[in-house]
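By written order: A, B, C and D. Residues from 1 in each chain.
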Amino acid sequence: MREDRKVTDLRVELRAWLAENVPKDWRTQQAGDNIEGFLASQREWLSRLVKGGYATPHWAPEWPGGGRSLAEQVAIFEEIARADAPRMSLFFVSLYHAAMTLMECGTPEQRARHLPAILKGEIWCQGFSEPNAGSDLASLRTRAERKGDRYIVSGQKIWSTLGQFADQCLLLVRTDNSGPKQVGITFLLMDMKSKGVQARPIKQITGDEEFAEIFLDEVEIPVENRVGEENEGWKVAQVTLSSERGLTLVELTERLALSLWRLVEAATANGHEIDRLDVEVRRRVVDIASRIEALRAMIATLMANRMAGREAVGDASIIKLAYARLSRDFTALGLRLRGMAAQRDTRYVLGAGYETGNWMFDFMNSYQYNIAGGSNEIQRNIVSERVLMMPREKLA
Amino acid sequence: MREDRKVTDLRVELRAWLAENVPKDWRTQQAGDNIEGFLASQREWLSRLVKGGYATPHWAPEWPGGGRSLAEQVAIFEEIARADAPRMSLFFVSLYHAAMTLMECGTPEQRARHLPAILKGEIWCQGFSEPNAGSDLASLRTRAERKGDRYIVSGQKIWSTLGQFADQCLLLVRTDNSGPKQVGITFLLMDMKSKGVQARPIKQITGDEEFAEIFLDEVEIPVENRVGEENEGWKVAQVTLSSERGLTLVELTERLALSLWRLVEAATANGHEIDRLDVEVRRRVVDIASRIEALRAMIATLMANRMAGREAVGDASIIKLAYARLSRDFTALGLRLRGMAAQRDTRYVLGAGYETGNWMFDFMNSYQYNIAGGSNEIQRNIVSERVLMMPREKLA
Amino acid sequence: MSGVDAMNTIDQEELRDAARRLLTDKVDRRAPWGEGEADGRALVRDMVELGWHLLTAPEELGGLGQSFTALAPIYEEMGRALAPATLADTMAALDVISLDDSVAGAALRDRLIEGSAHIVVAECGSLGPRIDTTFPLLEGGLAATHLLLLPTAAEESCGIVDLGREGVTATPVETWDRSRSFAELALHDAPCERLQVTGGVAIPLVRAHKDLAMAWDSLGAARRSLDETVTYMGTRQQFGRPIGSFQALKHRAADHKVTLELARALAVHASQAYALRDGAWSDLAAQARLLATDAFHAITEDSVQMHGGIGFTWEFDCHLFLKRALMSDILNGAPELVRDRISSSVIARALRRE
Amino acid sequence: MSGVDAMNTIDQEELRDAARRLLTDKVDRRAPWGEGEADGRALVRDMVELGWHLLTAPEELGGLGQSFTALAPIYEEMGRALAPATLADTMAALDVISLDDSVAGAALRDRLIEGSAHIVVAECGSLGPRIDTTFPLLEGGLAATHLLLLPTAAEESCGIVDLGREGVTATPVETWDRSRSFAELALHDAPCERLQVTGGVAIPLVRAHKDLAMAWDSLGAARRSLDETVTYMGTRQQFGRPIGSFQALKHRAADHKVTLELARALAVHASQAYALRDGAWSDLAAQARLLATDAFHAITEDSVQMHGGIGFTWEFDCHLFLKRALMSDILNGAPELVRDRISSSVIARALRRE
């Protein structure tokens, strides 16, 4: 119960802080056609969070703002969502993926070089996926050959979140082709300003450019930038991939729950009064609301189990599928209710999650969660094979 | 256009005949708990159809009522459906599967023995499927060993429509195990009164007993009852399976279309007036009605293409899937609209198709079309591989 | 995923084990589909012997003072076993009668505690001192000793009818769902005693309790149905491999699993909310029921399809689940009507950004 | 499956080939998604040059006297090409003006035949001799020379506004669907000439023509989208095999194919019924549109998912289809409203057991 009390105290304190510190105009600043505004707004928000001590609850206790329990981390994400503060889009990879990888697997030198920089706004991106290694990540082919104290790296990466703005990159490369595909992968830290690196933003179907392709042409990376042993990078990558521990879903689900009013707003925008909405619409809103409540409850249970070390195989896949489907159905209903007005609304807000209130944008954007980070199809394989224990297919 | 005129004349003549001849009380006679009534009603209906010349339009011209074009056959099935006459359940295998197999592949002696008998009411069943050979029919294992002028047959058959009442059986047996599974199958005609034959009805989830299992224990079948050559029965079976040429679907779709009023009746049964039905129900009725019209049009096109020799691979699978899904959705909506009344209605009518008006019965019965004769899953394989030309899976 | 239950002193998992043992022992789910019938009277007696009816009764009355969440695993196991008895009406009635101070209430309360009263609940318009009416379909109507009448005229008091008295006829009613027993209750000039609790208080409590009971029943049965389907698909061979290795079937099963776990998470949450009468407990109970019966319906409907021919037979058990699901869907109000009932309040909460 | 067209003297498949050749040549479907915009004016001129606007005009006026079914393959090919132009308003207007004997009608008819008039249609309440109103979103509003106004007050005459006159402003409107061009038309004191045909006659004709045109457009685009998706899945390798060999994806694709063919069959049937003004032609046209836009929507929504990451990019074309589908869904009335419009008559026909 002492833990509960600590969380409650944190919430009270954080609510007060958020009331003071959330920039009121961030949606305007982060409008889709204003990249400079977006970058500035994100930097400002990071520095406030760092100063407040809320940017690094998951870091080791010796760091300012660090050493918080998972329950406290959950509380922070929930409160930030409920205050409708900006998402940490630009710095999420730095604060989570990069920092946790360095803390768990990096050398003291690597930590000393990057962790303080991250707090000051060093931007990281992830160089994992490749055009031909998406769902099947381990089949990646970007080559690194060792020459003396350097690796010479050539290849192509894709789907690096905001990679066009990154200073540094968590890079997976192949150093050995002779064994099973998971063996022979090496994990490197790459300066994005190195010679031979070119990052090009990918325009998405929303019009937004939230990802980048990275082209690597004989890029030299010092061996001291390697994390873990040569050919053993797959293990390090697992640390990177599990670094956010479900907190993103906590946040996204809260944002979804708290934007349910937007659905009603969409339905009543054509001058309908709420009690005159047609019965089918009302029933659908009830269904979406029910699934949101269910998802909230499911995530609370997942996080509780995670805290208690009781998480079961596949729990995360079940939740990811549930959120993915719900985000699609939620935005599809909003789109339908908003009708022609949604077709004409082509403005959007960067870094606002899947509920910007621009229904067409949000609907399109909902594919992201259904595809990235293990598509629905991959998650269904996991749920059927590892949860339901159905027979594996013999793959060729 | 002369052909069109012939069909129109046939329709006029048949309508008059049906108005005179359709027994008004067949639904009462064929009530689910009255097997004797069902058998008598079906026999009576067959003899009327034979006398009228409408039972055998697909038979060769030398037979009474035979030599009709496919267009005329379609017209006969449509008119019978529109007159809400009984289905030919008990004699369908005899008139179609057995007769067409004998006409195309039988010996003159086999034809002389059975075709006149079929017109007088000889009942046939099909002995194709086995407990472990359903979708994968060719893997059947019922063994036949030749001893002199007889085959000695042992094994088990399943899903023989009304097999418990049959006089004769179209039987597939394995006479050779050494090659691919389609080779080594032999096609026999079996007297159901032979020693060692035991037919046991299978109770379905509807409570009805429309199918039988047939147990074969060293049954002796004369070699003269073989159709086609030994080990070449698979080809003969294809003739059997294609003998009804889509006419069943013509009939079932017409019956579905003409029972759309039952949906409206179900929706208004609780005292609602039609113009007070809730908007969601009205929309769903529109959707079902649209799909029924579409299916009717699709089948008309299929039959026209069949007549013109222009049928494409997979057309039949597309239509079967469309009907299967529609029959499920149609009955599910009726079930929902009829509510608790459907739960309490446990009477049913034999041989009335999928639209008896008992919604729970019809809903349960709709599985039949979704599973039998190549399940939806098998049809989807066919559509994806043979129509869309998607890559085949490498099967183990 | 299993939840945490901080509200009760009795361990949920122990209750579940006890329930599963009893139900495994006493329920032959095939019986009503053969010559038997789904008369749950013996099972109700067994449950009373185990003291389940005392679980949520207040301690000062001799009960065990547990919250609703103690009942959840029992309802879930009853669904899993396709138990032919219902406990929910009696337990929901107890939630109402605990609030009552009338003489009639006290007498009934004593009988409930000693386990000699079994309740069936019905809503009705308005009540007189004598009742002349027929309820065409009440689950557990044969096993019940008392009828609790909840007047929809909100300010009117609830009534109790002793079903052992003259003027009451209970006739079994056959439905497609043989896993439950139903009766038509005909009351002819039957005396009705008044409680002090009004329909306005009682109806939301009883509805929520019954919605949650239905949710758990459905979740238990749905999970069993999915498990048995998956097991079957692992053994049934076609084209030289188990059909459970075909990806299209695997993906459908995975989607069902997600739907089921989502529904279960809401049932856990809604049960806690009801136990604490916290927040939107009344809406949440209805929402939990909707997701659970929808999942149950979808899983069992596809289960028959995934079984293929054998699933279409009376002999094989998968239709037992389907038929229970189709009844559960509409038993205490068709799902559209439940949605319509709560939509205004759900929409109002959305607008308050809760 | 292709249908038979006994109504026309010009071969449907020849028309289709001609349309496909022109559209392949002239339409760069990517253009409006780069620096270009979807201004279909040049394409409209090309279509007129090929004489498509004469196809269904009566022979006595110099037209080709074909029935609606001659237009179906053209509309289908325009959808397949994601053509930025619309022909449907002009052709629907011709169906109306063919019934008209007024001076204004004759003048417009002549210009339509010579190919110098392009129509945009709008419904409105009531008409005066001068019009002061704004239509916020009209497809093809930039390319049109005349506005045909259909008064919903059924007995009132239709009106014609010359868009070349003073007092008319057409402003391009941006939408998510860049494959079409839209304009806001503002009329300030614009003169309106009256036809003799009333809104009561014109509205069902125009709606049915436009519904069918939308159905065929959607079918053409949906089929192309499904084909391109299937092709992509046959080449994209993951886990050492083309993703198109995974059964879960194959089954989804097969279901889409069924939905598409079902919609197409109804479009064929409804087009013949409209051509003959036979039976329930008006309902059938709306029903054909509903099934076709539903199929288009479902196929393109899943197409992005089946493409995976690449489908989520602006560079890859599959979103072009999705965005057109989402617009087609609601363009001439949201699908729920279309269902509501025809439900009484569909239900009445069901009760007559037609």
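As a working rule, a contact is a pair of C-beta atoms (placed from the backbone, for glycine too) under 8 Å apart; a residue touches a chain by one contact, two chains touch by 3 or more.
These numbers come from a predicted model, not from an experiment.
Novice: Counting C-beta pairs in contact, does A-D beat A-C or the other way around?
Specialist: Between the chain pairs A-D and A-C, A-C carries more contacts.
Novice: Report the chain whose mean Cα position is at the greatest distance from that of chain D.
Specialist: Greatest centre separation from chain D goes to chain C.
Novice: Once you find the CA centre of chain A and the CA centre of chain B, what distance in Å lies between them?
Specialist: 55
Novice: Just the number, please: Cα centre separation of chain A and chain C in whole Å.
Specialist: Centre-to-centre distance between chain A and chain C: 41 Å.
Novice: Rounded to the nearest whole Å, what is the centre-to-centre distance of chain C and chain D, using the mean of the C-alpha atoms as each centre?
Specialist: 52
Novice: Of all residues in chain C, which are in touch with two or more distinct other chains?
Specialist: Within chain C, the residues that touch at least two other chains are 241, 246-251, 336.
Novice: Would you mind listing the residues of chain B that make contact with two or more other chains?
Specialist: 278-280, 283, 377, 380, 394, 396
Novice: Per the contact definition, I'd like the list of chain D residues that touch chain A in the complex.
Specialist: Checking each residue of chain D against chain A gives 137, 173-177, 237-241, 246, 248-249, 304-305, 308-309, 311-315, 319, 322-323, 326-327, 330, 334, 336.
Novice: Any idea which chain B residues touch chain D in the complex?
Specialist: 258, 260-261, 263-264, 274-275, 277, 279, 282-283, 285-287, 289-291, 293-298, 300-302, 304-305, 312, 315, 318, 321-322, 325, 377, 379-381, 383-385, 387-394
Novice: Given the complex with chain C, which residues does chain D contribute to the contact?
Specialist: 246-248, 250-251
Novice: Within their complex, state which residues of chain B touch chain C.
Specialist: 129, 132, 134-136, 139, 158-159, 202-205, 207, 278, 280, 335-336, 339-340, 342-344, 346, 360, 364, 367-368, 370-372, 375-377, 380, 395-396
Novice: Can you name the residues of chain D that touch chain B in the complex?
Specialist: That would be residues 1, 3-4, 226, 230, 233-234, 241-242, 244-245, 247, 250-251, 253-255, 257-258, 261-263, 265-266, 268-269, 284, 287-288, 290-291, 336, 339-340, 342-344, 346-347, 349-353 of chain D.
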